[in-house]
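All chains are identified by letter, namely A, B, C, D, E, F and G, in their written order; residue positions are counted from 1 within each chain.
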Amino acid sequence: MASTSKIRPLGDRVLVEPKEEKEEVRGGIIIPDTAKEKPMEGKVIAIGKKYDKDHKSVDFDVKPGDRVLLPKYGGTEVKIDGKKYQLVREEDLLGVIE
Amino acid sequence: MASTSKIRPLGDRVLVEPKEEKEEVRGGIIIPDTAKEKPMEGKVIAIGKKYDKDHKSVDFDVKPGDRVLLPKYGGTEVKIDGKKYQLVREEDLLGVIE
Amino acid sequence: MASTSKIRPLGDRVLVEPKEEKEEVRGGIIIPDTAKEKPMEGKVIAIGKKYDKDHKSVDFDVKPGDRVLLPKYGGTEVKIDGKKYQLVREEDLLGVIE
Amino acid sequence: MASTSKIRPLGDRVLVEPKEEKEEVRGGIIIPDTAKEKPMEGKVIAIGKKYDKDHKSVDFDVKPGDRVLLPKYGGTEVKIDGKKYQLVREEDLLGVIE
Amino acid sequence: MASTSKIRPLGDRVLVEPKEEKEEVRGGIIIPDTAKEKPMEGKVIAIGKKYDKDHKSVDFDVKPGDRVLLPKYGGTEVKIDGKKYQLVREEDLLGVIE
Amino acid sequence: MASTSKIRPLGDRVLVEPKEEKEEVRGGIIIPDTAKEKPMEGKVIAIGKKYDKDHKSVDFDVKPGDRVLLPKYGGTEVKIDGKKYQLVREEDLLGVIE
Amino acid sequence: MASTSKIRPLGDRVLVEPKEEKEEVRGGIIIPDTAKEKPMEGKVIAIGKKYDKDHKSVDFDVKPGDRVLLPKYGGTEVKIDGKKYQLVREEDLLGVIE
């Protein structure tokens, strides 16, 4: 996991490793293939650093290791060691899968 | 209900299980089929966590179990165990059916 | 009035029962039929719950029973027991007819 | 004046009775007919109720009886006893004619 | 000057008497005729009344008599005694000519 | 320099004397001619007066005499004694050349 | 490094020396060539000066020497001694490569 620890997201961004998309697996969280704005599942690898209005650091509501639903379009894709990751603002994350 | 408890909405989002649409049932809440932006009825399954300007947690005005009116378009659809749900921002919910 | 009490508006929304439109009745409040954005008359049935910047509850400037002028387009229509109502944000209400 | 007192504007709105438009009267305030966004003259009939950021009531800078310049487009027209009035936000009023 | 004193600008607006446009006068402030958004020179006749976030009155940075540069488009033209004036928001004024 | 001292910028504006554009001079700051939004070099002649949220005056980060990079489009051009200047908002200035 | 120290970024801007783009180098951070909005790698050369809501100076989350991911489009290109640099707002920087 040395390579993924290479990126520290800036601001309210979260580094997410997207799960490969599969269709219609019962018993798990499945993203519909007909929805216009399809969310994806992914795993949080690293979080940034965000501030309140007085520029004091505040906590994120996700942490590394969380499985999250993220909008399919909206983040920025980066490649680390040939593998794709997403840098997404935390407020764009939809939910945590528990 | 194990499966629906799998998603914890992030931010001011609410997880809603939409009611199947029916037309013109007297004695209940019916959504008109001619309105341009038709609201739907649904049940709140889970709520997120939201903050005031000082980043202190504040209460939602809906709670799990509430029957709510939600805009037909505006949320994000997710599938859990083959069933469709909506992740909607609380401020987009129109009302609670009591 | 059991049925209309079924909806509790959320946020700064107001549930309004629109008056059927009539044209040019002298001695009352009449909405012109040539204006591009025609307001309607209605009666406030229920109000939501709104907050100031510190998330403290603040009063509405309308109350149930008030006759109000509302923009014709802008709210969301719902049907209760086959009758049409509007869910409108309070700041979109134009005035109270006294 | 019983009829005009029937409307209490909501929020930062002002009820204005527009003056009939005339062209080029010297010695008075005349609105040019070539300007793209022509202001109109009118008389303030009633004012709403507005709040500062702490939801405390603050004064309007116009009062009933003031002659004001208002943008020709921007308010909402209502008819009271067959006569046209405008509901305009105070910040859209251009000036007071003294 | 009786007539120009007739208008009290509202809000952060300033009443400006525009100087007739001339082209290329050396030794003075000249507005280029090729610039897309040409500023004009004018004289401040009257100022409005503006407030800080606590609704306390704050000073303008221009005063009656100041010669100002104003954007050619952006204000609202009014006629007083057959002469054209501009009602312009103070933040749209570009500079004071001293 | 009598003439340039004639303009006092208003608000957060800065009066800048643009340097004539040259192409590809090594050893100096050169603006590329292929960039879509080309910055220009200029000299600060005068600064305005800006305020924080409590309407207290705050310092500019540039001062008269500073050589600055400014966006080619975005300011307003004025002519003083037949010479072109720019009135630019301070937040649009890109950097200071030291 | 005399030449790059010539530019002091203004506001929340950061001066970045972009790394020449290479395709698919394993073991390093690689930007995909198919992504619509491709980020680039670069090195922070200088940072500006930014303020909180009370106009007190606050720290940047990057410092000179940091290797950063920056959006390909969004900054402003400048040339120093014939070499291209980017002036980018800090909030547009995506992450730091560690």
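In this text, contacts are C-beta pairs under 8 Å (C-beta built on N, C-alpha and C of every residue); 3 or more make two chains touch, one makes a residue touch a chain.
As the structure is a prediction and not an experimental result, all values here were calculated from the model.
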What chains touch chain B and also chain F? none
For chain A versus chain G, what separation do you get between their C-alpha means, in angstrom? 23
Report the inter-chain centroid distance for chain C and chain E in whole angstrom, where each centroid is the mean of the CA atoms. 41
How far is the middle of chain C from the middle of chain G, if each middle is the mean of its Cα atoms, in Å? 51
Contacts with two or more other chains, residues of chain F listed in rising order: 53
Counting only chain pairs that touch, give me the topology of the graph as line, ring, star, complete or other. ring
From the touch relation defined up front, give the order of chains around the ring, starting at chain D and going on to chain E. D, E, F, G, A, B, C
Touching chain C in the complex: which residues of chain B? 24, 26-32, 35, 37, 39, 52-53, 58, 61-62, 68-69, 71, 90-91, 93-98
Could you list, by residue number, the parts of chain F that touch chain E in their complex? 3, 5-11, 13, 15, 48-49, 53-55, 76-82, 84, 87
